[in-house]
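One chain, chain A, appears in both complexes that follow, with chain B as partner in the first and chain C in the second.
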Partner chain A sequence: MGFHHLDHYAGTASPVTRTSPAARVVGAVGLALCASLVPPGAWTAMAAILALSLAVAVAARIPAGVLLVRASVPLGFLVLASAGVLVMAPGTGVAGLGPLSVTDRGVVLFASALGRGASAVVAGVVLVSTTPFPELVTALRELRLPRAVTSSLALAYRFLVVLGEDVARIRRAAQVRNGGRGRVARRHLAAGMAAAAFARSYDRSERVFRAMRVRGYGDAMPTLAYQRMDRASALRVASLLAVGATLVVAARVVP
Partner chain B sequence: MAHIPDGFLSPPVLAGTAALSAAALAVATRRSRRELGDREVPLAGAATAFVFAAQMFNFPIAVGTSAHLLGGVLVSVLLGPWVGMLVMLSVVLVQALVFQDGGLAALGANVLNLSVLGTGGGWLVYRGLVAVFGGSLRTRVAAAAAAAWGSAILIGVAVAAELALSGAVRWGPALLVLGGIHGLVGVGEGAITAAVLLPLLRARPELMRPGDLPATTLGRWTAGVGAAAVVSAVAATLFASSSPDALEAAAERFGLQAEAPVWSLLDPSAGPAVAILGVALAFAAAWLLLRSVARS
Partner chain C sequence: MNPRPVIQVAGVAFAYPGGHAVLEDVSFDVGAGERVGLVGPNGAGKSTLLHLLVGLEEPSAGTVVVAGIPVRPGRLEEVRARMGMVFQDPDDQLFLPTLVEDVAFGPLNQGVAPAEARRLAEAQLELLGLGAMAERAAHHTSGGERRRAALATALVSRPELLLLDEPTDGLDARGRHAIVGILRERPEALVVATHDLDVVRAVCPRTLVLDGGKLVADGPTERILADAAFLARHGIRVPLD
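Right after this comes the complex of A and B.
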């Protein structure tokens, strides 16, 4: 259990990996925000922001196939989540769907949600493909997220692996004792396993707390080599977001 | 659809939910620090890993549809509402940043729904029920199950409200569909919460928080507010109508637009000067933010 399979392009030399992780987070969130601010039906602006996100993916040297595979799950969810808008949006009915009616505004909002969401998904995939999780956590700390959140995220990353091993051990112990035979017994077993996993996590957190205190834990988790925000990174991301903002403003000003 | 993807919410709703989330989480950070001190970080880390792992298991709710445990009430019952809210913030953050589950721009809305309302609101209901019905093990477990169900409905209603305020859906169908779906999800959420809590509290009774039992005026007030929140949420989903609601009708009557006045600056009549100003402001804001981070 871990997120190592996601950051394959973190070691690839590219303009994106030369940009500091904190700037990458700001860039990804900023692009998603630009896409969200484009008004519904502004197809040119939507396509331009999607092209901007794809250009960043190309600059990060992420192959098209990998990008497509990684984006397919969130995009699939986006299609499912957007489908309801077709019939739930206010507007004039343009087609029947059983007892429901697809509205004209629903069609525009559905396509707009897909267009805007796709840019955000691509920006997110680029971020996670080029940034290892520990760097992402340090970037969030650099961006002034509460210390309690970033430090607990850093610990959770490690705990997740240990928790997976714990659950596997509990399951193995139950299986050798013939536990979980039958549907009801399996449900009881799953609930018991979850309870045991929580109790073990709680106890482990106490031990980790004592160990951290003994080792002189101060206000934050120590960080090893980390690419801090520099002038070039800031300029690169600010320029990217200025292009995004131009497109948003153009979409809102030009009818 | 507990997680709202990008592309649905309007700018005022994005800004409003982000501001509310930031304010609520600032309070949660301070209060959890005060309650737990240095112990806060390892405890929240362990709980985050647990919730994250627990959310990977889905349960069926209808034909071809499944949902997963949210875990907000479960964690808040065991660790308190403030740590619970921070744990859910961490989970939502990882889901958005690493798995694109929920939008990056809609992060404020998702944090408000799942962390602030789902966890904080659910805990309020739990605390109210425990204050009214007592703090025995079985009562606590039943109260947690009911609170988990109520929190799922609260989340559904919040999602519906945000989508309707954004003009993406009509109020009536949104409340009915999203409230109904989350009502179903809530049954599974409540059942799993109870199924995990019962053996856990039997084996480790010291995890029952004594502070959840205020037989005081505060307890009675929270009970009243919690019960009212659940009843309102359920009533909203059951009696939702597709007709314009009172707020919409009043807004139409007085000629008010759905969008905030600041966005009217960007309409076609505003001219290119506003466009240039907007681009310059975006560049300056991003530049100042990133430079201030670089200097620190």
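Right after this comes the complex of A and C.
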């Protein structure tokens, strides 16, 4: 696990990576916002915004398989979180689910949540796949997010990497001693690993933080090559969001 | 007394909140450009002393002055701008995506513009024989290369004083020779905390010996390392000839 674990496509030359990180953040949040404003059942507008998000992913040269794997986890949560609406929304029953009844309105709301969520998830995946985390934090700072929030994010991410490395080390040490064979043993091992990883990572995080402080770290994570918002980036994102906004307005105005 | 001390430590004591005393009444000076070895058994207080010098810990008694600046809250930024520290584990010091970014971290924090910070970092890596690895991640380098990269992170800011905690720990013979060769050429004042007495002999004309938190010897390295009985009494391995 490392800083390049998620932002694998940050180094790929593409129109997306040529866009400044702050503009990428605005684009991703803007697309998610457009998707969320599409009324339930406006399938054409929903599909068009999803197509817009997928087009950005294609432009970023993210392979379909990678996009699908990365999007599957948040989409899985979305399915679980929205499933309740299938039976809770008032409407005519269209199918039975044990003692519960799936309603026509529930199906529309559920499919709409998935349709809107898919666009937002794809936009988010494109953002984190093409933007190194330190640049993402700097972009949030450029967009005037409070420094306390951005610094906390930067350190949390750094220490997440530390935690991942420690877990990998402990797992290797257990594996060479044939640890974790069988379901019960695996569960015990996982619990032991979690406890050991926490204790070790706490110590290591302290040491890393001390090394950072000695080199003058205050509360801002500096980056070497940060591309500030420029006119071309702003135009690119404005065009994208103009299309998204037009689709939203069309879906709301045209029945 | 040195003519122009870079480090002035006077009557320093340090104890953890539980009351466990780590250092007691430690006093010494280090002059500009002087290279000093800091040796002692495990738990002698070597790393704690380095942490006091760089302001990561505050003494419970006594004073620490570095480059004429008292090491205390409010002055730490000035102190740290004049010194570099290399920690025992280079992985603690290398945490950014590439070596060049890690080396540029200090200058950027001091307000150097990104383009100039990159130029300084690349030049420093080149000087230490790591020019071709500037864009490589730390975990894709050998232990010796990581040590040199960690050293580069400290040297890039042109410090007056360099503190090193076990700089050859875990290195093979080639790695140790490379580090020793670099340290012998440095113009800065050096304090090298280590168990490796061969390195102390090769790099530092003067040695401080800590044992049980007390400074039990301060003198020429050759004289101290020649006294096998003294070293054994203080739990220090006698160097191989």
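The rule is simple: the second predicted complex is superposed on the first by the 187 of 255 C-alpha atoms of A that agree within 3 Å, B and C clash if a C-alpha of one lies under 4 Å from a C-alpha of the other, contacts with A are read in each partner's own complex, and residues count from 1 in each chain.
FYI, a contact is a pair of C-beta atoms (placed from the backbone, for glycine too) under 8 Å apart; a residue touches a chain by one contact, two chains touch by 3 or more.
As the structure is a computational prediction, the values presented were derived from the model and not from experiment.
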item	value
Chain B versus chain C as contact partner of A:136, first or second or both or neither	first
Chain A residues touched by each partner, larger count belonging to chain B or chain C	B
First, second, both or neither for A:160, with chain B first and chain C second	first
First (chain B), second (chain C), both or neither touched by A:215	second
Which superposed partner A:204 touches (first chain B, second chain C, both, neither)	both
Which of chain B and chain C A:114 touches, first, second, both or neither	first
Which superposed partner A:192 touches (first chain B, second chain C, both, neither)	first
Touched partner set for A:88, first chain B, second chain C, both or neither	first
Common interface positions of chain A, toward chain B and toward chain C	3, 158, 204, 208, 212-213, 217
Interface residues, chain A side, partner chain C - complex	2-4, 132, 134, 158, 161, 204, 207-208, 210-218, 222-226
Touch list for chain A against partner chain B, complex	1, 3, 6, 22-23, 25-26, 28-30, 32-33, 35-37, 71, 73-74, 77-78, 81-82, 84-85, 87-90, 109, 112-117, 119-121, 123-125, 127-128, 133, 136, 140, 142-144, 146-149, 151-160, 162-164, 167, 187, 190-192, 194-199, 201-202, 204-206, 208-209, 212-213, 217, 221, 228-231, 233-235, 237-239, 241-242, 244-246, 248-250, 252-255
Touching residues on chain C, where the partner in the complex is chain A	51, 54, 56, 77, 80-81, 85, 87, 89, 92-93, 95-97, 100-101, 104-106, 108-110, 114, 117-118, 121, 137, 139, 153-154, 157
Contact footprint of chain A on chain B as seen in their complex	1, 4-9, 11, 14, 25-26, 29, 32-33, 38-50, 52-54, 57, 78, 86-87, 89-90, 93-94, 96-101, 103-107, 167-170, 173-174, 177, 192, 195-200, 203-204, 207, 263, 266-268, 270-272, 274-275, 278-279, 281-283, 286-287, 289-291, 293-294, 296
